[in-house]
Structure formats: C-alpha cells, structure tokens
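Consider the two complexes below, in which subunit A is the common component and subunit B and subunit C are the respective partners.
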Partner chain A sequence: MMIGKRFFIFIVMLALTGCWDEKLLKDSSLVLSIGIDLAKNNEVKTTTAIRTSRIISGGQSESINYIVEEISNTIRETRLEVDKQIPGVYEQNKLRILLIGDKIASKDLYPYFDVFFRDPRSSLAAKVAVVKGEASEIIKMKKLKENLISEALIDLLKSAEEHTIVPVENQQTILTSMFDVGEDFTLPYMEKLDKDTVKVTGVALFHRRSFTGKTLKGNKPIIFLMAKGEKSKDIKLTERLENKDGRNVKNFVSFSVLKTKRNMNIKMVKGKPAATINLKLFIEINEYPEGSLYGQKEESALNKKVARRIEKEANAMVDTLKSANCDAFGIGRYLIADHHKEWEKLNWDKEYPDMAFKINVKVETVNRGIIQ
Partner chain B sequence: MSEETLADTIHSDFHLNIQTMNNTFSNIHDFKTRVFEIKERKIGITYIDSITNKDIVNGRIVNEIYKLDYKDSIVDIPVANISVTDNFKKIYSGIMDGKVAIFEGNSNIAFLVDTGLFETRSIREPDSEKIVSGSHDGFVESLNKNINILRNRIRTPNLKSEILSVGGGDITTNVSILFLENIANQDVVNLVRKRISSINLENNLTPGKLEEFIEDNSFSPFPQILETERPDRVTANLMDGRIAVLVEGSATVSILPVTFFSFYQSPDDYNTRFILGSFLRIIRLLGFFISISLPSIYIAIVSFHYEVLPYELVTNIKSSLEYVPYPPVVEALIMQLTLELLREAAIRLPTSMAQTVAIVGGLVIGTAIVEANLVSNTMIIVIAITAISSFTVPIHEMSSSIRLLSFPMIFAAALLGLVGIVVGFMFLMIHLVKLESFGAPYFAPLGPIRFSDLKDTIIRVPYWKMKTRPSTAKPINEKQSTGKKGWAEDGE
Partner chain C sequence: MENNKENISCFQMFFFIVLATIGEGILSFPNLVFKDARQASWISILITGSIAIFLALTYLYLHRRFPRKTIYEICIVMFGKWVGRLIIVGYLIYFFLICMSINRIYMETIKNWILTSTPASVILFLMFMLGIYLGKENLRMITRFFQLCFWIIIFLMLMNLGSFPYLHWKYLFPVNEVSFPDILKGSRRSIPSFLGFDSLLIILPFVKGTMKSKVKSSMFSIVFIIFTYIYVMLTCILFFSSKELILIPQPILYLFKSITFFGVIERLDLIIVSLWIVMMMTSYVSYIYLINMGFCTLFHLKKRTIPTIIITVLVYFLVLFIPVSRESIVTQFKLITILSFIFSSVIPLLAIILSFLFHRKDMNEGEPQ
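Entry: the complex of A and B
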C-alpha cells in the first residue's frame, strides 16, 4: 500500500513538472543560413534566411524562405532583434551555412563566432565561407537557380568539396585553428558574379583569425589541397602543355588525379626553417586532343610536361601563401613539435614569408582511357 | 474433495434408488429413467438424453438387457468401458459426463457405462496463428479430441496426461497436464500440479482464468504462460521439456514455463531454411522495439531534440507539423486510440463488415484527418509502422501487451524526451529481468546469459546443430541431437 502511494506521488510529481523544457519543432523558426557583414560604425549586419512553409491546398504544403536583416552591436543582439520580428522561436540549431563578408572577415573573426561556439544547441557542422563584397547580397537572392538559397549554397559548397576545390571546413574545425599559432586556416571563397550567379571561385587565405584579402584561384586551390594531402572524392584538372601558347584546343590536357603521395620535409638550416614537399600524382588522362600516347616515350614526355607545369603553379601558390603570411600547411606546428628550442627564438610572423619552401612534383600516368 | 458419507451409498432397495435419482435430477427435462422387468429381474437405467450416444444406449445397453438370462451379470454387456460403484456422488458426476447408470434389483451397487457424446466443431487452422508452411490443424473445444491430436504427433508412453478436476463446490472442470516424463523436470511438474489443484473457483474455468491463478506475477504486462491453439507449437514445446495444460471446453492450450523469446518463435522459423528463419526472427524482434519505442522516439525528437535530424528531414517534418493545433503527444494519443478502436471494431464484426470498417477507418479517417490538419502526415506514418510491427508477434497476447506498453513510453517521452525513453526502457528491462515463469528466468537467455540457448533466440541455427534442448524448463534429458548430420561421416 505504502509503495503504491509513493509510486503514485512519484508519477504525479513527474506530470506536475509539465513540459517546461519542451521545444516544439512546430513552434520554431528554423534558421538555415546567416550572412554577416560589417555595417557603419563597426556595427554588425546579419542577414538571416528562415525556412517555413505555406499551405497550397489541403494537406499539401510548399517550402519557402524569408529573409530578415538586422543591424546591431553584436551578433547575439541582432539575433534578439530578429526574434522580435519573426513568427515562432528563433532556432539556429539547424544552421547550415554561414557567409562572411570580406570586410568583416578582414577583422578579428573570433568575436563574431563566439555566440555560435558558446551555445550547446548550436550546429557546429555549419559550413563557413567568405564572400567577395557583401554576404547579404547572396542571402537576399532568396533563390539560386530555382533552389531555395540555403540548400543551393550547401550543394554548391558540397560539390566544390567533393571535387577538392575548397577545403572541408566548418565552424568546429576552424575554431581550433583560430587559436593555433602554428597553423592558419583557409575557407571557401564565393563571388556573386551577376544577378543570379554565385560561384565558388577559390580559397580565402587567413592569418591567425583574419582574412588576408588574398585568395587562391583557378587550379591553385586544387594543387594546394593536393599538396596538403587532402584529396577528396575526385580531382579533375586541365593544364596547358608547356612551350605551347595560344588558345588552341590541342594545347591542353585534361586528367583526373586518382591518387596522390606526398611527404613534407622540414629542416633547420642555420637556425632557419626550410620546407620541401614532394608530391607524386597518379593520373588518368581524360582528354588529350594532341593525340597518340602509344609509346612509353610519349607517355613519359607527357608526364614530365604536366609535372613541370604543376610544379610551376605549385610554387606560385606557395609564394601567394607566403605573401599572405598564411601558414596553411601548418609548418609552424611541425617546428613547435620537432624543433622547439629554435621555434621559441623565431618570430614566426616575420620568418614565414621569407622561409625556403619548395614543392617538387612528379606525375605518373596509370590510365590513358580506352584509346591509346 | 467430497467426503463420502453413509447417506451417499446406494440403498439395497431398487425403488428407493430410482427415487433418489429422480429427486436429484428433478426439473431436468432430458434426464431419462427407464425400468425393465426381464425374467423377474428389475433393471433400471438412468441417463441424460442429450449428452449420451443413442446408438450405444439403444443398441448396446437396452438391446442387451433384453437378452439377459437369469444368471448373466450386467458386467457382461458388450461395451468397452463399464465400472462399478456403490456411491451416489460418483453416479451423479458420471451421469453429468454422459454415462448411463444401471441399477439392478435390490443390489447395492450400480454400473456406469461410458456413453458420453459431446458435440465439437471440426478441426481447422486457428485464425489468430496462421503460418505459411507446415501443419494447418488446430485445437478444438474438446479435451479428448485435443489429446487425440497431440497423441497422434507424440507416440510414446512417456507422454503422460494427468486429469485434475479443478473448481469449487460441485462445479468442476477437467484440466489435463501433459508432459513427457523422460524429458520434463518433475519438480516443475509438481509445482504446476500443486498450483493447479490449489485453485478454488466456483465459476467456469477457462485457460485465461486458470493462468491468472497459477502465474507468478499477475500485475506484469507480459504474459508468463504461452497460449496457443496450434498442436505443432505444443508438440515442439513438450519436446523441450515444457508442460502443456489443457482445459475442457477450450481450444487454447497453455504452455509453461516460457521465456520472453518463446513468444517470438513460430513454427514457420523451422519450416523454412534457417537463414530465412533467422531473418524472420530478427524482423520480429525489431518489431518489438519499433512497436514499443517508435511513437515515443518520434515525440521526443519533434518536441525536444530535433537537432538530431538531418536538415532535409527536419524541414519536411516541420512542414507537415506546422498547422497541427496541439503538441505531438496529443496527436499520438489520438492516432493510437483511433487505431485501437478500429482494431477492436474489426474483431467484433463479421469479416465482410470488417472490410468496410477497414476502408472507413484506414482510408477515410486517414486522409481526412491529415487534410483537416488534425494529425500530421508523419504521425500517421509512425503510428501505422508501429501497428504493423506489433502485429508481427506470432502470439496475439504478447502483441497486445507490447502495444499497451507503447502508451507509458509515449508519456515518458512527452515529459522528458529521450531521457524519458531511457528511463522507460530501464524500468522495462528491470522488470523483464526480474520476472520469472515457474522458476525459469523470463528474459533468459539474455538475462541471465546462457550461451548454449542463444542458438534458438535471436537467430536460429540449423536444427542438426542444436545438440541440447533449451534449458528454460530444466529438462532432465538435455541431449536432442549429435550435432552432426548422420550421413556426413560415411564419406558419401
């Protein structure tokens, strides 16, 4: 009897608490993408795309986006302002993409990310990209090629990641790099080209926590990622053959990289660091309008030509990195680990742009397609 | 049970005996008495007309009585089963069993001839336990016929059948305990016999009532005794050393002791190839988890933790939930109740009407309720999957139990989210592991772990590999096969 009574009280007490921590999906306004820009007087402008739906006819509904823009002192404050003007509760735990305008990216980024890192329900898997100009310009498009803007941007970035054009980064992965003196991070770089075209054009280079204004474009982001050993699903490249100029279709070769082998050697030469990356690519020829690859000779000649070409671009890429003072290869981290005494004497920010850094490239054709 | 007093003994006065019989069976329209006077012998027969076989009464008894000579004894009547008694109580119960009582002259003994004929329906496959391949017969409402069906399958003198007369006052029901003497553990048999004979109930006894009297925990949602109408299932369980309890007048046979997993075994598992059998087993156990937890998991996710959903899914679900006016727990209760109403209605109605109900319920309510935004599309899907999973359990009683269990889980999820589900499952597991069925741990072989019994629990290994019987019923003879194919050694 006593147990029965206690059990009853226990159950009733549970029920009396009610649903105080309930957070109904149907009452929430899902924020899928946010754009952050610098407004006047150092204020922040956030542009938020919120997903909702509209009933078409009995039971059927259609997804729609609406955009809210707000200017305030901090990100959190803009969020409160947004919450005042939308139906439902502002929930950014399904945030998929965070766009940062290049002006605000050039400042110290961490203060703007703090609110995302501090909230336990926050979606740290949200992708981050830097936008040329205003991020709000892209979010405000509402639709991109008939797709809702948030989905379209995610798909855009995902396919760029799969083709090894941009590094796979999200809010969580860049946080560690923000506080790491030995390594800098890079982010995808997007541009709005015209009224309805947005393109992932390359990789934005960061130093510590701020955007350097320098980017890698063209084939360089791919070569950068290969040299970093971050081959994603596939890599497709088209290279101009050496010693041939002019816009002739025969001057180019297209190939996919099936496998990469790389190693990085870091030595201390007279108290100065020197780095070499040896990169070997195993390629499959996709398009070679020049013609025959029948003999061993032609093949190795092509291998050499391609290698020389890529090597040239790779070292140009290294120069860009150095001039941006972006230690994206994490050489500083190696030095901290392997040459700690020397590291402590170094002024890395000064040393890095002048260090000896070379990339050697070798190419091997493993597949020529079904014709010789 | 009934003390035999002197007053119950048969008198040595023929007319007084007949008088006593007429008094006892007064107001019974089909009670017949007939007195013959043949060759100066007075012979009286009494019986109840409606439950006796007329062919025997006319052809074997009346006809033979007319042929009796002076010295012939009544025992010479050519029938298989004739007994002698001097006690009226025995005569009364004999008559109620359909026997004919024969009194002779002024002798103080009477003869009982077995002529009982109780009508039964014909054998057919039970509707609630259909299988694809295998035997398609089922039990009927006659104890004798049911034992007949079982003896057809198990032809050994080791199949013991004890009849116990269970009840209270003068209302008793025949209950039979069946077991294989060389396999079943005598301790369990004694326990069952003791519990059954302790029943004191002045009401009609059915397997359901019998089980409530003898089961270990009546307050558990889980059945601790397996009820079946399938002879093949009973046979298989007898062979595992379990005990079958048959009740007169019911087609349901109770099997004990059983474990939780006994309810998930079906004759189909053994009649198909073992890979398929194992697959079906896994599907059914998956059905257990789905039917208990799917609605609650859905509720927990959409009202507490929708972060766990991928965003494509979350936007889909959100758009279907958007215009529903109440929280998901109310939605779930509405749908579960509708489903239970439909199920109950469909059972009560004749088959032709049940189809109409299914159409009205399934199609009309299903679509209209969504179009009216009373329940979301996703909730309909969740409840439908839950219902279908609960119907995969081969034993109907367990299927209802687990459907009932989904309600507390729904409330737990609505109060505390996924934490509530964890708490709910914790209570459930504690209860399952603690439960016993006639001394056998209910959740074996998982709690306690018994490796040798796992061969026929979540998967089913080929039968020739099953060297020992399951240990649930603690069989005294554990070995059932050599673990090899006999011919494989011959190097065929």
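Entry: the complex of A and C
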C-alpha cells in the first residue's frame, strides 16, 4: 500500500514540472493600442503601439513605445505580418484601446472585430473610439502631452466618460448592440486638432454596424447621455440664456447637474410609434454673471430659461439622431418587447426617421453656491 | 456493519445531488436552450425541472417499496436474473457515455479557453488522476468532498451579480411570441444538464433518515438546481442580445470575459474555468461511483479499485483517440438524451408498475426507519 501511494505521488509530481502555455512577460511584446484604417483597394491598415521596457543606467528601466504599421487583407493577416517584424511574441491580451478611422467605420464593422471576439485570449474590455481622418495619425504621435500614447488616450476617454461626454462602451457592449435590431450604438469621437493635440469632441452615431458620418458635438452629447439615463459623477454645462445674443459674459450661465430623473414613454398611435422623454434636472449654479438670484421669482425664471434652452438643444439632438437613422435610445427594443405585433409590420429603418419623438425638460435649482 | 462507511445523512445527500447534476452543462446550456426557446428559455428550464421533480418523486416511491436496494438490485428482483443483468449493463453503458461526454467537454473547453498549446493527453490526464483518486472512495468520503465544493456554486452565483449593471430587461420580452413547441424543444435540449439527479436511484438506500426528510432533501436539491439554472439563464438572456447568444457556445465565460470588476479586475473567465473544472470533476466522480456500484452488484465485488481503474483508463483513451467533429458531439448528445429517457424514466416507472402487479416489496427487511 505504501509503495502504491509513493508511486502515486511520483506520478502526480510529473504533472507539476512545467507548462506548455506559459507566456513570459519578458518574451512578449504587449500591444496596448491599435488603430484601424482603410487602405487602398479595400485593404486594412493597422497601426500598432507596442510597449517594451528599455534598461537605462543603474538597473532602472524605462517604458517605451514603438509603432508598427502594416497593410493587408484582414486584421489577422496584418497581425501575422507585424509578428514577423517585432522582437518577442505579439500579445494582444492587454489591448486597452482600439481606434477606428472614420472611413473604415462607415463600412460594416463586424468583419474587423471578428478576430477580437474569436480569440480566447483577447480582453474584450478594450475601449473603442472613432477618429476623424486616419486613426494611424494619432497612434503615430507616440507621445501625447509627455505621456505614452496608449495611457494618454485611455485617460482622455476615461475623463470624458466621467464628465458624461461620451458613452461608456467597450468591445463587448458593441458586439451586443451590433446583433441587436432594436438598438444602435454610439462611440466616442476623437479629432487630432494640431501637431500635438487630440480632443474628444463628441459622439459618433452608428446605424446597425456602420458609422453614419454624423456626430453630436458641443453640449449635445451631454444632453443625449442624460436623456438616455446614463449615470455619471460629474456633469457640467454652460448654456446661453434665451433672448440674449452676442458674446457678452452676462449672457451665459454655468451649472452642474447633480441628479437627473428621466422616463421614456412609447405609445402606438394608429400603428405608428410615438416617443416622449421627460427629463428633470436638479442643478447647482456654478457661475451666473448676471448675479441676481435672491428671490424665488428670479430663481424660477432662470429655471424656465435654462429648461427651454436645453429642451431646444435636446430636440435638435433628436433630429440629428433621426437624420442619422441611429436608434440610440433603443426605441426599437421597447417596441419589440411591448408592441410586438405592430413591430413586425413596421419597416423600422424607414419608420424611425419620421417618428414622433419629443424630449421635455424641467429644471430645478437645488444649490446656488455660497452667495445668493 | 460492514458498509457502515457507505452511509450519509439527508443533509449530505443534498450536496451529492446538487454537485452530481451541476457540472458539464452549466457553461453551455444557455446557448443550447436559447437556440430554440429564445426569450422563453427560462420556461423550458422550469418544464424540465418539474419533470425532474416528478421523476425524483417516483424514485422515492420506488425506494419506499425497496428500502434497502439500489436500482441495480431492484432490476434483478423485478426483471429476473438475466434480463436484470442486461439492464444493469445498459445502465453502465449509459453512465459510461456520460463520463465520456463530460471528459470531452472538459477537454475541449480547457483547450479552447486556457491551455491552447497544451496537448490534450495532458489535460485529460489531470481528470484521469482525479477520477481514480476520488472515484474509488466510498460514498461518505465523496460526499464530504462535494460538501466542500458546494461553495463554488454559491461563489459563481455571487460573481454573476457583477453583470447586473449591464443587463437589459427588455430582452426578456415578448415571452408570448415563442411558440409552445419551441419551448418544449428548448427543454429537451436542457435535459443533459439536468442529468445527475438520477443518482438518487443508487444512493437512496445509503441515506440515513426518515422518508419525510429524504423527500425534503431531494426536493430541495432539485429546486436549488432549477433555481441556479434559471438564474444563469436569465443573466445570459439579459446580458447578450438574442443573435449574439446564438453565436457563443459558452455564454457564461464570455460574460465574465467582458466584465471589469471594481475597475481593475479583468478576465475572470480564466478563474471561472478553473473553478468549473472542480464542478466537472464532481460530476465525473459521481458517475464513476454509480458505475462502481453497478460493477459490484454485477460481479459481487467488494473492492472498487479495479472497476475504477478500468473505467478511467477506458474513458481516457476513448476520449483521446476517437476523433471529434461537431456532428459526433451532436449525435452523442442525442444518444444521451434518448438513453436518459429510457434509464431515468422508463425503467424506474416500469419497476414500480411491475412491483404493483406482482405485489413485490422488500417485506423481510421491514419498513424504512
């Protein structure tokens, strides 16, 4: 019996000796960001930022980026080509950010994403953004405001998410929307403004799986996300007061939104859908150069003015969504769930741009800072 | 008593049933059921679950008539020596096929998800060693180990809560658009994930306790299984859009792959797979135990080491060397579903009917305590 046990332990120890699947960090080249663009003849151009460390004096090491660009038929093929020219093994499992040029985004996106979804080792939590012009232009900058490009872009997007300027999306959430008939997705939209400035300027609108070329900019992305009911820590807006033109500082009011309440009603009127969103904002005045807020009357007058202003922008935003045929509010999904019979008769792609869709806004001031 | 170590309490039986059942199916069943039953998949699971409850009640009734006998011994009593033995062999083949399919699913999943370049023989070898190590033990030992493993299920369910911010409740509707035949088709596809509760047929005689507490414990375990499956099914339906869920063979893993916990913890699918190996192993071991008992009845054996080694070696080499294709897996799946119908429902029911007709009961051994 003892011999049996010893033999057993011996056999088990054989299983501990090693591993076929070990992937040492020192052998691998970590891919942190990828930019995808359309090249000539429908080929794909990928621009990859790869992270390695270089040992500088005294045993300290410094992180460096290098950029590899490759043009081929598919994403996977460019990856193989890249792997041939870099030291170490191409490791895509730490991918943090994926930039898509607007030309390739206007085509069906799924074929370019398939390789990420199919590979068991890829992390689907990478952020995705659409870039005006070529995505490679941004990746090739190598450094952005003294930070390595991948980190800088991630921070840029994260702070934009925190300020509710862009929707919180990653590869996985996009995949879900790509297959969902009832909802279209939106992505952050970035622009390279000059030699060393990249800015998140708004939200890119998609229809089904392709970029419509239309974007929301200025205050509209924030209003869009509030109307969508996305919660966020920090929403700051500056609005022009009504009936006042010109660039006078007194014509503006700045406020933060502390809390939002929204509800969406979707009705079928004579076989056609009609949607209304009621949005209520609880705000804190940050800057009101006009200065007179001491009475109840002034306050409610200001509330009304701000509400009207936001309502106007919100409905302009709805018009943009409709003209882009981007059902970002997921009205289709509501119809599928609650009005299935009518939904089956609808030609949603044609119906949506003409549907009745209104946003009503109410504003309540809850805080005015430490002066009246 | 000689088989003293074989006895477990009703409380322990709960763990045995739950862990024997929840195992190979939990990763893939949302995809399979969803293909037919769509947003009404949870109803399919409820239907299969209620059938399981009904069957468990018939097993308990059979057990009341033969309180000291396993299904193997009942078969010999009811169907005669030769037919009975033939049925036992049938049971053994059926259980053996399930062992093979568990090993195959285990091998493929591990190879696809984590150890992509490790040879299949090594991956299977781990399961082979565990099978021998635990499979040859007595029921009490096995159940105690299962009791430990039970908390993995609870842990997995808690982890699932992480998907809550991403759920879209509207994906659940409209339920009434799914036709009833489709729901039934879906529930047929969920049958293999419910297999394992039929181990009641063999372990009931070794459970100490009153009839009432046995009923309670077995019912509670099946309700727990149904609850777990519906919970998993719902998170999958609500997390993925319909067309996506059809594309993904292991939705649970895919779900964890894309969630980030607390802003830093990612790729939990790797941990989930590792924990799931334990659940696979418990199912495998419970089937090895069931086969062992059959062998012992068939050949009047006392020790279980030899049958265990025969089973595990056979499973190891058959799974390794029989080439796999998508089709053969589907055929195996269908075969198991049909066999489960015969061995989990037809034969026990037949035994009950025959025992009624011939007034056969275990009289000389008295009423169960």
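The rule is simple: the second predicted complex is superposed on the first by the 355 of 372 C-alpha atoms of A that agree within 3 Å, B and C clash if a C-alpha of one lies under 4 Å from a C-alpha of the other, contacts with A are read in each partner's own complex, and residues count from 1 in each chain.
The criterion applied here is as follows: a residue touches a chain if its C-beta (ideal position, glycine included) is under 8 Å from a C-beta of that chain, and two chains touch if they have at least 3 such contacts.
Bear in mind the structure is a predicted one, so any value in this text is a computation, not a measurement.
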Just from the overlay, do subunit B and subunit C fit on subunit A, or is there a clash? fit
For A:Ser123, decide between first (touching subunit B), second (touching subunit C), both and neither. both
Touch check for A:Ile56: first (subunit B), second (subunit C), both, or neither? neither
Is A:Asp21 touching anything from subunit B or subunit C once the two structures are fitted on A? First, second, both or neither. both
Mind working out whether A:Gln172 is in touch with subunit B, subunit C, both or neither, as first, second, both or neither? second
Quick check on the superposed pair: does A:Val269 touch subunit B, subunit C, both, or neither? Answer first, second, both or neither. neither
Looking at the overlay, what does A:Val12 touch: subunit B (first), subunit C (second), both, or neither? second
For A:Ile336, select first, second, both or neither according to whether it touches subunit B, subunit C, the two together, or no partner. second
So, A:Ile3: does it touch subunit B (first), subunit C (second), both, or neither? neither
Classify the contacts of A:Asp180 with the two partner chains as first (subunit B alone), second (subunit C alone), both, or neither. second
I want to verify one number. Taking the Cα centroids, what angle sits at subunit A between subunit B and subunit C, in steps of 10 degrees? 50
Determine the nearest approach in Å between the Cα atoms of subunit B and those of subunit C after overlaying the two structures. 6
The shared contact residues of subunit A with subunit B and subunit C are 15, 19, 21, 93, 121, 123
Interfacial residue positions of subunit B with respect to subunit A in the complex: 301-304, 306-307, 311, 314-315, 317-324, 327-328, 367, 370-371, 373, 377, 414-417
Note which residues of subunit A are touching subunit B in the complex, please. 14-15, 17, 19, 21-26, 28, 30, 32, 51-53, 55, 58-59, 61-63, 93-94, 96, 121, 123
Considering only the defined contacts, which subunit A positions touch subunit C in the complex? 8, 11-12, 15, 19-21, 93, 120-121, 123-125, 170-173, 175-180, 182, 330, 333-334, 336-338, 340
Using the touch definition up top, name the residues of subunit C that touch subunit A in the complex. 112-119, 122, 125-126, 129, 133, 166, 168, 170-174, 177, 239-244, 247, 254, 257-260, 266-267
